[in-house]
Amino acid sequence: MSAPLNFHLEHYDGPLDLLLDLIRKQEIDIYNIPIAQITGQYLDYMNRAAEMDIELSAEFIFMAATLIHIKSKLLLPRDPALAELIPEEDPRKELVDRLLEHERFKSAAEMLHQKRVVEEAVWSNPQIEQFMAGEGMEPGLAVSLFDLVKTFQGVLERIKTRPTYEINKEDVSVPDMIRYLHHVFEDGPKGESVAARELFERQKSRRAMICLFLAMLELVKIQALGLVQQEGFGEIGLKRLKGFETAFTSGEQLAAIDEGYN
Amino acid sequence: MDVTQLAEERPSASAEQSEDAQLKAILEAVVYITDEPLSAQQMAAALQQPIDRIKRLLDEIVAEFAKPEHGLSVREVAGGYKMATKPEHHEAVRAFVKKLTPPLKLSLAALETLAVIAYKQPVTAPEIMEIRGVQGVGVLKTLLDRKLISEAGRKNVVGKPILYKTTKEFLVQFGLKDLTELPTLKEFEELGRLEIAEPEMPEPEVPASGAPPEASETQNG
Amino acid sequence: MDVTQLAEERPSASAEQSEDAQLKAILEAVVYITDEPLSAQQMAAALQQPIDRIKRLLDEIVAEFAKPEHGLSVREVAGGYKMATKPEHHEAVRAFVKKLTPPLKLSLAALETLAVIAYKQPVTAPEIMEIRGVQGVGVLKTLLDRKLISEAGRKNVVGKPILYKTTKEFLVQFGLKDLTELPTLKEFEELGRLEIAEPEMPEPEVPASGAPPEASETQNG
């Protein structure tokens, strides 16, 4: 069946779009669709798309099957006695309903588009930021649930790309832990202390904790780090001392420690 | 606030009038300043004034700016009041708008998905795909990113899919007072029938700088 | 621009008047939209109008907004015209702005921390730092202050660190019935994956057309 239509193989956003276009362009009564004709044109479109290497999604194939099914149902004669008892529904009805609903939403989309055209022609110039800045108030930023999950996803992505310090492995050593402490205190705030407890909590294994403990002692011994306790029985903290930089830049002392653990 | 003090001191007619003027001035300043449309209730509560009075004064402000000698308008959008330039002066105003940011451009697929959500909300992704007859809801992410839709809990069916609804930002972006301002879907059905007779879509009130594509002709995928 | 066309076509008094009104409207919109004060000369040149006419109309606008029922004023500042709220209403406007329920504002650090707690709860501070790869948990205090998170006992490991969980307020703020309504990461990735399947669709955008991509940051939309 050849369609007298001139489709320039437009890219349809799904089979409903294609069917609607076929129906509307030929000014076909949607309540009385010539299924054989439309099915032929539909399949023709699919063939031409295939020839041009346009990949059609699975819904197009599913719709083709639906059309062929409706066509065969219309062809089969029905028992007239039965038809009197149970009046059969037009096999096209479900499809027509879907097409009409789809068309309504296409019109709704067009309506939204027109509203945007109007809104794009108006400008608003709220002065709240300027006003609040002048009055010493701070503006804010609203946050949605979507932002929350997006942020969490971002955090997890960052973990993947983060340079890892080999502290999870079972063969973690004291020199490893010295490097780890170097990392912790290198970027950390200078005057502030870090709770030793927190550092221990981050370790995944007993061995890692022991190595960390020994590493702390070594660094305290060479005056790279100092132990602090704010009050009796209070939390023990570690603090960066003056020797920190020299210890890690010269490397001599560290080499000696490394030697000791090999 | 001195407005309320005034009310207690002098209940004479002329005092009432000058107080009205002052309240109106404050309302105008507030509508000018705020970026989110504020409702009459919010303004009444903040100014400690009866809602009826605030509504009457806001109506007066809306009417005043509606006059042709004003280039600004105060409109009811997203349940609140918003000041903006009038669309009929867009050509002249556009030339003076300095900050260039890309306007909210949505593909037809995104607009259709948005239409489905606007009319069927709250609605799940599978339901949207069913109506559109298309697999894939990638545009949902675009709409979420642009804060035109948001999550609205989950549907109590197998798989507990996420429900979506339109946002206040949607109302603002599309210049809608509220969702009831949307034409009913039935009205579109009639429109669709008219379209058979006259396939050209009516021109939008304000022509864009180029012809907008007709939804019925420009398909995309 | 039709303003100039009008001038040539109908020099009658009433036409002149309505044209004045239209020009005035445009001037009002222009003064409103520009952040930098524009001089009468600049506006006259852009609108292709005699400077005297523009000056006269600007004077009318200044006089109109000077009336007590207006909360805005148009003033000559730095050789140009600028719209602003009247200083006498600043106290009222300030009180008003303060009363507005502030939107949930969170810094990126706070949002990240909140996200980690929401998805990993109950969770300890060291665990949060580990996941975020960032030292310091100062934002915990912000989240506690905002009642978005609360303490949930202590973890039975060395040091017995405090556990944190999200609160009922958190659910309210994000419109969730319960925590099972949180979108799963799988669902989020699904959105992203489907987007690749159905790309951003640069063609055809709506509105297509040769519309210049210009709009203000503050575009109402």
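Letters A, B and C mark the chains in the order given here, with residues in each chain numbered from 1 onward.
Convention: a contact is a pair of C-beta atoms (placed from the backbone, for glycine too) under 8 Å apart; a residue touches a chain by one contact, two chains touch by 3 or more.
Treat the numbers as computed from the prediction; the structure is a model and nothing was measured.
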Applying the contact rule given earlier, which two chains have the most C-beta pairs between them? B-C
Find the chain most remote from subunit C, comparing centres computed as mean CA coordinates. A
Quick one: subunit A and subunit B, Cα centre-to-centre, how many Å? 28
Nearest whole angstrom, what separates the Cα centre of subunit B from the Cα centre of subunit C? 15
What whole-number Å value describes the gap between the mean CA coordinates of subunit A and subunit C? 25
If I count partner chains per residue in subunit C, which residues reach a count of at least 2? 32-33, 35, 85, 93, 97, 175-176, 183, 206-207, 215-216, 218-221
If I count partner chains per residue in subunit A, which residues reach a count of at least 2? 113, 116-117, 119-120, 122-124, 126-128, 131, 144-146
Quick check on the complex: what are the subunit C residues that touch subunit A? 32-33, 35, 84-85, 90, 93-94, 97-98, 102-106, 108, 111-112, 114-116, 118-119, 124-126, 129-133, 135, 157-159, 161, 174-176, 182-183, 185, 188-189, 206-207, 215-216, 218-221
List of subunit A residues in touch with subunit B within their complex: 10-17, 21, 24, 27, 57-59, 63, 98, 100-124, 126-128, 131, 144-146
Given the complex with subunit C, which residues does subunit A contribute to the contact? 113, 116-117, 119-120, 122-128, 131-132, 135, 137, 140-156, 158-159, 162, 184, 187-188, 197-198, 200-202, 209
Which residues, counting only subunit C, touch subunit B once they are in their complex? 1, 3, 18, 20-22, 24-30, 32-36, 38, 46-47, 68-72, 83, 85-86, 89, 91-93, 95-97, 99-100, 175-177, 180-181, 183, 187, 191-192, 194-201, 203-221
